[in-house]
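You will see two complexes here that share chain A, one where it goes with chain B and one where it goes with chain C.
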Partner chain A sequence: MRVIFSIAATTIGEAIRRRVLLVILLVGTLLLAIAPGLQVLSARQERTVLKSFMFGTMQLTSAAIAIILTVYLIPNEIDRRTIYTILCKPVRRWQFLVGKYVGAIGALGMMMALMTFISVILFYVMQRDAPVSELAGIGQVAVMYYVQMCILAAVSITLSTFVAPLVNFFLSGGLYLVGTLFTSVFETFEQNSKTPGLVKTIAHLVGSLLPNFSRFNIQNSAINSVQTIGSETRYYVESGVYGVMYIIATIIVGMLIFEKREV
Partner chain B sequence: MPAAIETNKLTKSYKTKNRGTTNVVNNLDLHVEEGEIFGFLGPNGAGKTTTIKMLLNVITPTSGEAQILGKDVDDIEVHRLLSYLPEKPYYYEHMTGMEILKFYASLFGINDNEKCMRLLEKVNLAGDMNKTINQYSKGMQQRIGLAQSLLNDPKLLFLDEPTGGLDPIAHIEIRDLILQFRDEGKTVFISSHELSDVERICDRVAIINKGTIEKQGKLEDLLAGGRVEITADGVPQNVSDSIKLTDTIVSFKDGRIIVDMPDSADTNSVIDSIRTGKGTISSIIPRRKRLEDLFIETVRDANQVIKDKEDAK
Partner chain C sequence: MWAALAVLFVGQAVWDRVLVEPTYVKNYMPANKAFSAGLSPEQFLFALSGFREMIAGILWVKADSFFETGNYDAILPVIRLVTWLDPHQIDVYATGMWHIGYNFTDEQSRSDRRYIPSAIALGKEGAENNPTTYEMFFETGWIWYHKVDDNYSQAVNWFKKANEREDMIPARRNLLSTALQRDGKIEEALENYYKLLDAAEARFKADSSDYQARSGRDTIEGNLDTMLVRMSQRGYWGSKSNWMNTIPYDTQPPFDVGFSVKVTVPEPRVIRFEGTWGVRPVGTRIRVILRDKDYPMAEPGGMKWDQGTAVNLDPPKDVTFMQDQLYVKNLRFDKTCNLAKDPTMYPFKKDDYEVEFYYNPRSSPPHIQDKFSWNGEGMTDKNFLNTEIRPGTRVMFHKIGLTRDMLLRRGQYSMSGGSLPTVMTTDYIDAGAKGTEDLIDIPSLRSQAPPTAK
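And now, the complex of A and B:
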């Protein structure tokens, strides 16, 4: 564990100094900061639009950070030969990969925590009459986004063990879009009684293999109080378990590939 | 006592674009004794780094075996006994010299600030320990690299171009440190193009070309069989004219003769001729080959053999 945490701590130290990530974070926070400009709308609309804007900014910025941070993590270590000075120590490859991943989600967590903090403060300043539950709602959405980004980072770091960074960037981005927007399409195929059996099987297989990012998108219920989640606790527990299991499975695949990889 | 490094027909092949295979390292038999400085020489692309990577278990051999200090290279415990300093290493730039050492120490489970401090002193970086790596010169980065490679008090050090691109002072400092390692009983495996360094500090060398070991042995044995220079005065012209041996250069001026000949040639007959002509021998200096000459000669001959084989096909 000590080895993993040492590698993770170093990864965090490097990640929070990477200019490209800091620029994305800066753009994200600046976008959040211009939120007061949305006050031209009516009071009810204002709150809805403000939240939508904040969540959208947070999600896009986090996804960009998660992908850019992780696609280069392993390839950079190989290009710069740092990996040799680490792997020639009593460090197993899986420990290196897990350490890098833990560091990546640690850095991601810090950056997302900053964005969430800014969002909550801004929302509080602009909507002083808003109930505390709405402020807590922003936190809940951010936590779900964080789990989503942890899955995305796991997918991206696993891909980085065998594809080039640029390809990985588009692959991870594509998977994120598909997993966010099209999971309902697969579900429709599966549930439609008119769908042929083979198509149903393929839809089930693809739907199960692809990360279901959409289940972590709870912003609609946070924006619009009319939309509610049936049993909240159950939903969060199930989503959390799904997220953790998906991350573990993905990282194991990454470990197996990385074990055989010639560096 | 097991050898520090022992390989048996170690081979690494890669697939080529035309679906063939190419052997980057071919049936490599290396033998490195404990406590010696071993020079691993070869032109660019000869397979030196691939060999080191196989010995470090970061790439898997296609065939053959390799053992380090009597253990298979894929035994993780071997990594507690060795260290590696890559060519042009990169260290996390945001970290200070001390933090770098603490990080690498933690990978061994070592939590000993005093040890890190001692190593910084050893490589003469104690005064710069709080500077970040991006403030370090190339020589300082190489020295912090050496310090990190000593954290586990290794029995075997792999140094890839340890003096490459360094200024003369940094160069000498690193060379002296390597000699110090030998005095401490460590085995040092150096891959280098700095032949003068290798000649000065290595006990044994191997020359690899296109994946194959062409020469391996003690430096004194490999460089022996050089030339002899005989100088004599008061020698008549006819004696000078009578010395006609192959690969021999005779220069004569004002009764002084200098004969530069292979030491395998008949040295005694030349001395006898000079004495018969009433000449006085001033000096007989055996001159061993230079490593640079041996290296160039070996690589050139090996390439010629390969070319002849290809032409024959």
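And now, the complex of A and C:
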């Protein structure tokens, strides 16, 4: 475990020094900072638009960071041949992969925490009459986004064990889009009585195998605060467990592939 | 290892489908149709990339500008799109159903009733998508209560559902009792008032300095008093105890309203309704409906207002349905409906039409109900009393037929030398005056002849 944490700590340090990530973070933060300006759009909808913009910015920025951070983690080590200096020590390949992953989600967590903090402060400044529960709602959404990004990072780092970074970037981005946006499309296929049986089965299989990122998009209830969700905490726990199961399964795939790869 | 991996993948899929998916679909998912219609490419991309609620908000802002410019048709697709993108924006549902139900009118401010089933369907959808708050249940009940203004059992059902929600505003809870009275459930209305009074008393006792709690309690107490007095005066208790023949209740004997009507078509698509109604106090509104004889889902005195869950924002343009009110003044009514300026609302494409005249005492104002009682026990009409079309209620109902030639003044009814299309009830009494004058005749002691000295 000590080995894994050492690698993770190094990875966090590297991530924080990477300019490209810092630029993305800066852009995201700037976007968050201009969010209050959107309030001129409407008196009635200002809270909705403000929150939605904040959540959208946070999600997009985090997804970009998660993908760009992880697609290069393993290939860079191989290209620079620094991996040899690590693997010649008593470090197993799976430990290296897991350490890299833990480091990546650690760095991601720090960056998302910063964006969440900025969002909460901005929202508090702009909406002083908002109840504390709404501020807490921003935190809840951020936590669920974080689990989502951890899955994305797991997918991306697993792909990085056998795919070139550029291909991985588009593959991971594509999977994220499909898993976030097309859930309802798969469900429509499955529920539509006119869909042929074979197509239904394929849609069911694909929908079950691909990561279901949309499960963590809970921002709607935070935006429409009048909406009360029954068993909300239970949902967070259940979707969290789903996320952890998917991450473990994906990382195991990565470990199996990385174990057999020639470096 | 591979076996463990397979178990994990199957496990996550089962876990997701069985435990996570049902809650997600119920509470967080946008409507499937949201991404398939109406968004411009950049809006589509934005909506896809996590800004769904923001796009919905901005679209709704756009709808505001349409409201201001009176471009009502443009608002309909926006309402649909916003509610698909974000099914939890309750004010969009509420404003949308009000807009659909009330704002589409002809040149004489008559609502286009063909939209009401869609307004109700939108309300139902809103309530289904937002089951934890009272608002959409209340708003849907209000459409039934105020706009349909006939099938009060629907209003009662929706208000009951709204009252079950914890966030229901106390002042709005009263409306259930009013709807129950209009639905003929008098004792249930009374019971509800008592229940509300108990709750209001408890609120007031908890904080006697709270002005709202005090006024809330006083209002319910006043409503309760009024209702008890009405129940006594209208003979509600008497009818239960067979005292009706021994005590001169206000509602006995039933009063003959003496309805008669003449319908003429002075110009193409212009219809005049003249007639009599023997109730002197102002406040009578007789519903008049002109529609295709084979109008789909027609019902006596209206139509089947609840037509399912489809929100059809483009009602059929080839059918005609006009509904209006004939206001009675000085014992008569005279109204001319000019339908010529709205050919899309009144296309007159069929050969045969029906005109219905309908009066339901349940919709009457209280001062008239004091004579007719809640269900029309104190009302009759020697020609047109009907106890069948609204079971449990004595209503006035009469139906006459018109043809397309009559309405468009063609053939034998042509404007150049043809006869004036006229249909009237057999006992129609020509009142002579228009009934639209400003002065209202109120018999008083002064206008009567002085008593003769004995």
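Note that the second predicted complex is superposed on the first by the 253 of 263 C-alpha atoms of A that agree within 3 Å, B and C clash if a C-alpha of one lies under 4 Å from a C-alpha of the other, contacts with A are read in each partner's own complex, and residues count from 1 in each chain.
Going forward, a contact is a pair of C-beta atoms (placed from the backbone, for glycine too) under 8 Å apart; a residue touches a chain by one contact, two chains touch by 3 or more.
The shown structure was predicted, so the numbers you read here are calculated from the model rather than taken from an experiment.
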Pick one for A:Arg2: touches chain B only (first), chain C only (second), both, or neither.
first
Please work out whether A:Ser231 is in contact with chain B alone, chain C alone, both, or neither, and reply first, second, both or neither.
second
Counting only touches as set out at the top, which of chain B and chain C does A:Ser214 meet: first, second, both, neither?
second
Quick one: classify A:Ser156 as touching chain B (first), chain C (second), both or neither.
neither
In the superposed arrangement, does A:Ile252 touch chain B (first), chain C (second), both or neither?
second
Chain A residues touched by each partner, larger count belonging to chain B or chain C:
C
On chain A, the residue positions that both chain B and chain C contact, one per complex:
none
List of chain B residues in touch with chain A within their complex:
53, 56-60, 76-77, 79-80, 82-92, 94-95, 103-104, 106-109, 145, 148-149, 152, 158
List of chain A residues in touch with chain C within their complex:
38, 41-42, 44-45, 48-49, 51-53, 55-56, 59-60, 177, 180-181, 183-185, 187-188, 208-209, 212, 214-215, 217-221, 223-224, 226-231, 234-235, 238-239, 241-242, 245-246, 248-249, 252-253, 256
Listed in rising order, chain C residues that touch chain A in their complex are 1-2, 4-5, 8-9, 11-13, 15-17, 19-21, 23-25, 27-30, 32, 34-35, 48-54, 56-58, 60-61, 64, 86, 88-91, 130, 132-133, 135, 167
Of chain A, residues touching chain B in the complex:
2-3, 6-7, 10, 13-14, 17, 80-92, 262-263
